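Both of the next two complexes hold subunit A, though its partner changes from subunit B to subunit C.
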Partner chain A sequence: MSLDYVKSTPGFEKFMPKDYRDLIDHGPFGKKVSVSQVGTFKEIMEEHPMCAGCAMTLFIRLSLISLPNPEDTIIVGTAGCGRLAISQAAIPFVYGNYGDTNAVASGLKRGLMTRFPDKHKDVVVMAGDGGLADIGFSMLMHSWFRKEKFTTVMLDNEVYGNTGGQESGMTNIGSVLKMAPLGKKFDKIDMPDLAKTAGCAYVAMVVPNNPKRVEQCIKKAVLIAREVGPTYIQAYTSCNIEYAIPTDKVMEDAKNVENDRYQFKEYISDEAKQYLGEKWGYKEYAKKAIQTTEVAK
Partner chain B sequence: MYQKREHLYKRDEPYVLKPGPEGYVPPAAASMGIELPDPGEGLIYGRKTNEDAVMEEIAKQMLTGKNPTLFPGPLVLWNWNDHAKIKAHAVLEIANEIPGVMIIPMPDYRPKYPKIEPEEEINPNHPNLTIWHNKIEVCIFVGLHCHYANLTLKMIRAGTNCLTVAVCAEQGHEDAMLTIRDSDDNKLRRLAQVIRKVRESMGIPAPTRPPYGGGKREIVTPEEWAKIRSQGLSSLTAGTPPKGMPMREGQMPHL
Partner chain C sequence: MYLVANIDPTICGATSCTLCTQFCPEANTIQYDLSRKTAFVSVDRCKGCAQCVWVCDNMAKHHAIKMVMIDQLPEEFANKLTKNMSYEQENLKASPINK
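== the complex of A and B ==
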């Protein structure tokens, strides 16, 4: 299929706002762009109304750059800070009611598979820790149990940022927040382990201060979700407002948290490794797939 | 600006859908008893009327109102398929008949913060900003999805004095002051012809300049516009004719 649908109709090119002409001429559609090329192409999200210095916006920006096919991707989001930025990116965005993201994404993905049987249309859920681990927990888990083929990205700021600082299931034990003055009484939910147990083919934990790694995780997760099964990325995206992190210390905090509870972890099922190796030319997995076969012999 | 026009809501009198400002959160026209037009009809200020008469009223308003503007939406701005291409051209034919018309696109529906450029675009979430900034008193929306037309038309009626026209490919839009339905490329061309006829009958000369952008910026050169006008569809659709697209009366052959 040609990429004509990300171009304007003949005669209207000149009438398009400059921003759109730049997107058509210099955007990432139909090209392979990388975070290392930032500044050389027009990004699909350039402005946002989130708090200055918010690490979540950096992560969202990196994720959007990393999508393998932005012209064929739909993001599903919900209430929470992230949607403020995601919804104004130049790719389709669906707002699922708070908690409903993974049910909405399930239906959407199935519909797209029926409507476009010869084409991959990627669906990516991007929602907060409250949206996914609390109110959306059941929908999230069941989408995994059903092996729905889309990616879920948790923007984990360990708090309800958008509503002023309530604790979530992902808040750390003992954390005192504006609206959790007695401190959290329970442990942070181990979502990556739950994801693995529930049957996700790919699970990763990342922080935004390593852009290349974010890119690799997003690419793998989206590709694997096309044909193998559900994938999950959990990203530490600090809330500098609710955790009172000075804006110039946001990256330092991310580094500290990475060294503590957010060490990089990645799980890839054997089937997913084989798929990445054979279908998408990931050399490291192509080899491993062969080795596994040899051992099995 | 936001004073409610209570007299519009008189009991036992049919609701008349007039230009605003009608006040913050105006009622949905449907809730005031206005129905969608049947095939062959349109709406004039909420009243079901023969489509030809609606087209004439659209022509009169666009030819006499202040700063007439076309707001093309995503369905005609993006090159989805051959039909979009042909419709886009027919929209330009409408523009070609209205002297001093502005073309301000609505390329998509995403919210835009911290700001939008009201001279460059109209955003469905803040259409009033574009209308206020460019002092638009009559406009045509074409190529928008229904749910965003819904939002935009109500916001314009709420906070501006702009007369809205919805040229709709589905069943028309009851929240626009003037609307026609089932608008395929054929009907768009017919509207262009009606505008030409009305213009000539009113003694208004044909446009001599290309349409402007918001703020009266020149966005295409007169030479480029002449090419769009004179070479017709064949200059725009490269190569073979679109499959399954019957030729319309008055349509240029695809060479």
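== the complex of A and C ==
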């Protein structure tokens, strides 16, 4: 949980694996890296057992690069595809039980705020649509009602991909899947609106075919969650196995889905805008903050 | 035998596009060589999904990436392994955030 944990014991450097030495010498810890520099530094994510061409992996990789302070971050996840890649990263990963990710994250964040009152320690929940919208729904909603200060990222592949293709609450109406042969009977749950109603300070819907936008969303969400309130990001990460998308067409599919039902949407509360503008130098929000205060006068 | 991505350094070096490095789902697989100004693939990590081929053909429109059989790589296989890669430290610039 600090820069010290990525150092090796003096005298033992040459016995460490090359991946580990690269992470110490060329990793992103303590530096500010961005998505456009990718390929010139060692990433915190390592080789993982996820399927070839999985869009969820791409999103996880982009979000791990975009974390403002990876050395001060803990990720909480649960059963599902995502944990296969997240657990391979050089970031502490807490494997919550199915359904209680946001309860675990609440306790973790409160503990960290008590233990390190003068430092920002980020907690990010990264779980699938089943783990957040179906099984973990009550814990998720209650963490928002209580205004717990951490980020929730939903990796929405619109199916239970790890267990053979059952329908989830986030599956589209009418979708026929291997374990849902009659097609889904009810609508996709409108999680972004629920998040807004429940009091999230920042809500965004993204598709990973725009890496810069993913980076901006993750940065804003983590920064706002430090002081303002809960934040929520919903990302479309297609399952190319269950939806039978050829691996080289994954980005084409992401583009079509973005045009169809996953348009980029962003909601920032006024308090969060002011916080970003004043504390983190976001110019677009600094201006708006000044305008609104003038109107108020 | 299996397919891996192979980047043509003459076509890629003529551009300053880094799209394939951003769109590869595997971490540390498509690297960027700052001295030659070209992307290159660490073939022992490539799972052969060909997403970079689609990105290079349709988004960047450079047509620099082709899938080739692992034993027919233009360069020697050993040159393209992860353990022979290097990073350029001085290019880690500060991002606008956190100033």
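Following the convention adopted for this analysis, the second predicted complex is superposed on the first by the 292 of 297 C-alpha atoms of A that agree within 3 Å, B and C clash if a C-alpha of one lies under 4 Å from a C-alpha of the other, contacts with A are read in each partner's own complex, and residues count from 1 in each chain.
As a convention for this text, a residue touches a chain if its C-beta (ideal position, glycine included) is under 8 Å from a C-beta of that chain, and two chains touch if they have at least 3 such contacts.
The structure displayed is predicted, hence computed values, not measured ones.
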Put the two structures on top of each other at subunit A: do subunit B and subunit C fit, or clash? fit
Looking at A:43 after the superposition, I want to know if it touches subunit B, subunit C, both of them or none. Which is it: first, second, both, neither? second
Touching A:6, do we find subunit B (first), subunit C (second), both, or neither? first
Kindly classify A:116 by the partners it touches after superposition: subunit B alone (first), subunit C alone (second), both, or neither? neither
Look at A:247 in the shared chain and tell me whether it touches subunit B only, subunit C only, both, or neither; answer first, second, both or neither. second
Which holds for A:18: it touches subunit B only (first), subunit C only (second), both, or neither? both
Touching A:281 in the superposition: subunit B (first), subunit C (second), both, neither? second
Per the contact definition in the header, classify A:35: touching subunit B only (first), subunit C only (second), both, or neither. second
In this superposition, which partner touches a larger number of subunit A residues, subunit B or subunit C? C
Where does A:58 make contact in the superposed view: on subunit B (first), on subunit C (second), on both, or on neither? second
One more residue to check, A:264. First (subunit B), second (subunit C), both or neither? neither
Angle at subunit A between subunit B and subunit C, C-alpha centres, nearest 10 degrees: 80
Overlay on shared chain A, then closest C-alpha pair between subunit B and subunit C (Å): 9
Just to be sure I follow: which residues of subunit A are touched by subunit B in one complex and then by subunit C in the other one? 18-19, 47-48
Which residues, counting only subunit B, touch subunit A once they are in their complex? 72, 76-81, 84-85, 88-89, 92, 103, 105, 107-108, 110-114, 117, 120-121, 211, 213, 219-220, 224, 228, 236-237
List of subunit C residues in touch with subunit A within their complex: 18, 21-28, 30-32, 34, 39, 45, 47-51, 53-55, 58-59, 82-83, 87-89, 91-99
Subunit A residues touching subunit C - in the complex, by the definition given at the top: 18-19, 22, 25-26, 28, 31-43, 45-48, 50, 52-55, 57-58, 61-62, 68, 211, 219, 223, 247-252, 280-281
So in the complex, which bits of subunit A are touching subunit B? 4-12, 14-20, 47-49, 84, 87-90, 93
